[in-house]
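Note sheet for the following structure.
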């Protein structure tokens, strides 16, 4: 009860707030909250920058999801093929990357790639090339950090999934004379499918909402805001100055986009005959 | 799967799950939640006073000073218990807003950053202490900018606790080797910066940052520009005025291969510039009294000196931004008299002197500052900068939005990266600022 | 196990032995190389924690330090109530892990073994809370916590974290429960096992790798949380958690990177310890469990 309320009641409040004029003054009861209808939404949609940021966010998130999933899955498979020692080494390294607080991880990466103080430019012989000045190279740097700290989640989950397939099932398939490809297609993939689905959806949600990495690594959205993503934009325009109603409206827009992506994805799976 | 006996049991498991979902729809209300934070109106003379101060990295010396003030206060007021908590600066926004929302958790006295004053006042969180402040004898020596930083719309909402101000750090060894003189005007500052860079291509002449707003403001102010004009709720941006544009041009002209390459400097903030200076990558930098320790720990230790940032005229000082922290009393306090008294004790001349000794916090009283400058020569240029007159950001709740949405850094970066010229970028920034002033009113 | 299957498909049995060795060697070498690359930023973090002030950002970045110093760690441990924060974090993370694993296990069994309408809808609804910026949720959650009287207690951290880690945990475990052949369940009942016996003694160990993976997930997200900790623990610093001890070093005008790196190192170690403790379960797989 309590937990479900914890998840859904805030969403309901959020939707409600997005139709009001609601700032810190209203929260603390200094002024009454006034109903504004779609005023907050009008403000967002009439802002040209919002659309640019939205586009950048979608492309960036898609790149992050694809890279994270491919790296994570590839390494999960790699883990099943090695002995205990390299496996533990890779797992611990990955876990460390995952466990590092996002602010620290971002700071360290920035330090590594710093044109004056970083070792990476030295090693690559790039002189004092600045990674954060160009729009694409700044996004690339953030992408690398995002993949670094989120592939372990995919790797560990998928690895656990592969491990959960009972040996008997695989042996039986083998005895039946199934080829390697067939084993993967008709035994492993269907069993891993639900896990891959949730890992994908989770990654989409996280990468669409990426905040700390952009905020720290591009110093709040890059040169003249070129690296802004939606979550950082919402923070700067609304939450940092307690414009909760505006922030909630952006939040609802994000919710609808992510919901749409999720539903389309699930529908596509269903059309392929995959039942969730 | 066909329904089976097993499924029946499963229903029991499902039930709570479904109930979880339902809970969200049943707990409905008609309007967003608000809380009641009106002042309690009570003025109790005994009980517990709660104080929130910022937790510094080496906090023990601060705690010692505060504890002794608190002990004396408790001795003077029978039946009063003071509880001090130290909160990380990074958590202040959430904590203090939460305190406004939940008077039960709220402290009586808080330390807060002086740029937050107008916002907290608009949130209805801070108590108007104009009367007490006027009656406080020590307040007559409070420096005008510090007083401005606790004032919104003519009313006083706290007592200045300490100030922070920036001046020009320069490398004595580099200047000596190249036979350079310390710049006396802003124009000389630029030529000196170019000379350093020309002679030592590995160094930035004067390291500047596109996101270093407080380093750029003196250039605008020295040229007679303002960020915004007006009083109280009705501010209007002045960032696109001719004078302000001149200042913006002066600052942005420092970005380039002949001083501080845009590719590296456009993204820098205040910290990055001082870090570069401390690591020996720059001939000059604009840094605060609070950066002293970091520079001293760096490679350049003992090879640098500090002077006030020169203004346009020879011998003048460019007005600096006066940062720092204030103390204030929360609206929800039920111990008004005691809380204001404790605030004055914590912000008194004596406490500020001791805090300077312990933590290096610059006092907000002009006379106390003169005294401490004699004890610690390194603060002299900062005290001189303060004495020459400093400036403050617009006392409007809109400032927090202008600040967090990076209006000014965006403007500088657009110019520096060649995306826009000074006129276009400043006009755009002025529009954004006016939007914020308009919606916050 | 998976590797074996793949290799087994590789044609002639006699050749297998010879093909297998270089393949595995290549795999192991690349695993170690990747581990090194992944660990490099971590190494740099720990290194920076040991560097004396002023050497972290120097124009000569060296992968070692000539004068290792414990000063940064001293500043971390010297904080008021550091031990208390550590314990609080441990309490929060462990409660979240245990409670969410239990609930998720039961709920996952329910949604897998019983088909009902809106099953997917329900799961997506659980995920909805994660689709909005978390700052947007703190205000409504703040009022909820206040109404529950949980403000300033560890409950205000535990409850939301359980709620946030459950959707993933349920969905993830579903995959694992689904992977358990139904024949096994039938067999258990034929052998006379009761339902709760099947649930706890047969199914539970079978989905353990999944539980481990979700536990790591919920442990890390609870352990590293800043936002709830600073929004809901307002006036009682004795209820604060470890990330607050890290935030002290992020000063807007004068950050202490040595302290940040040292505090982060200290924060990362318990996660690694937790993982080492549970990873055997993850790695051991199910072959044995099923045969018993």
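Note that the chains take the letters A, B and C in the order they are written out, and that residue 1 is the start of every chain.
The criterion applied here is as follows: a residue touches a chain if its C-beta (ideal position, glycine included) is under 8 Å from a C-beta of that chain, and two chains touch if they have at least 3 such contacts.
A quick note: this is a predicted structure, and the numbers were derived from the prediction, not measured.
Inter-chain contacts peak for the pair A-C, counting C-beta pairs in contact. Chain A has its Cα centroid nearest to the centroid of all protein Cα atoms in the structure.
Centre to centre, using the average C-alpha position, subunit A and subunit B are separated by 32 Å. In terms of their C-alpha centroids, the spacing between subunit B and subunit C amounts to 37 Å.
Inter-chain spacing, taken between the CA centroids of subunit A and subunit C, is 16 Å.
Within subunit B, the positions touching two or more other chains are listed as 16, 21, 24, 33, 35, 101, 275, 279, 281. Along subunit C, residues 57-59, 125, 140, 143, 250 each make contact with two or more other chains.
Those residues of subunit A in touch with two or more other chains are numbered 2-5, 7-9, 11, 13, 17, 27, 116-117, 235.
Only residues 2-11, 13-14, 17, 27, 75, 77-84, 86-105, 107-109, 111-112, 114, 116-119, 122, 148, 153, 156-157, 159-170, 173-174, 179-181, 183, 188, 191-195, 197-198, 201-202, 205, 209, 211, 231, 234-235, 239, 244, 247-248, 250-252, 254-255, 258-259, 262-263, 266, 276 of subunit A touch subunit C when the two sit together in their complex. Contacts from subunit C toward subunit A in the complex involve residues 1-3, 5-6, 8-10, 23-24, 27-28, 30-32, 34-36, 38-42, 44-45, 48, 56-59, 61, 63, 103, 119-120, 124-133, 135-137, 139-141, 143-144, 148, 159-160, 162-164, 166-168, 171-172, 174-176, 178-181, 206-207, 209-210, 212-213, 216-217, 220, 223-224, 226, 243, 246, 250, 257, 260-261, 264, 267-268, 271-272, 275-276, 279, 282-283, 285-287, 290.
For subunit B in complex with subunit C, the touching residues are 1, 6-7, 9-11, 13-14, 16-18, 21, 24, 33, 35, 50, 55-60, 63, 85-91, 94-95, 98-99, 101-102, 104-107, 164, 270-271, 275, 278-281, 288, 290-291, 293-294, 297-299, 301, 323. Looking at the complex, you find that subunit C touches subunit B at residues 53-54, 57-59, 75, 78-80, 106-107, 109-111, 113-116, 122, 125, 138, 140, 142-143, 146, 151-152, 182, 185, 195, 227, 230-232, 234-237, 244, 247-256, 259.
Interface residues of subunit B facing subunit A in the complex, by the touch rule stated above, are 16, 19-25, 27-29, 31-38, 93, 97, 100-101, 119, 122-125, 210-211, 262-264, 266-269, 275-276, 279, 281, 397-398, 400-401, 403-406, 409-410, 413-414, 416-417, 419, 439-440.
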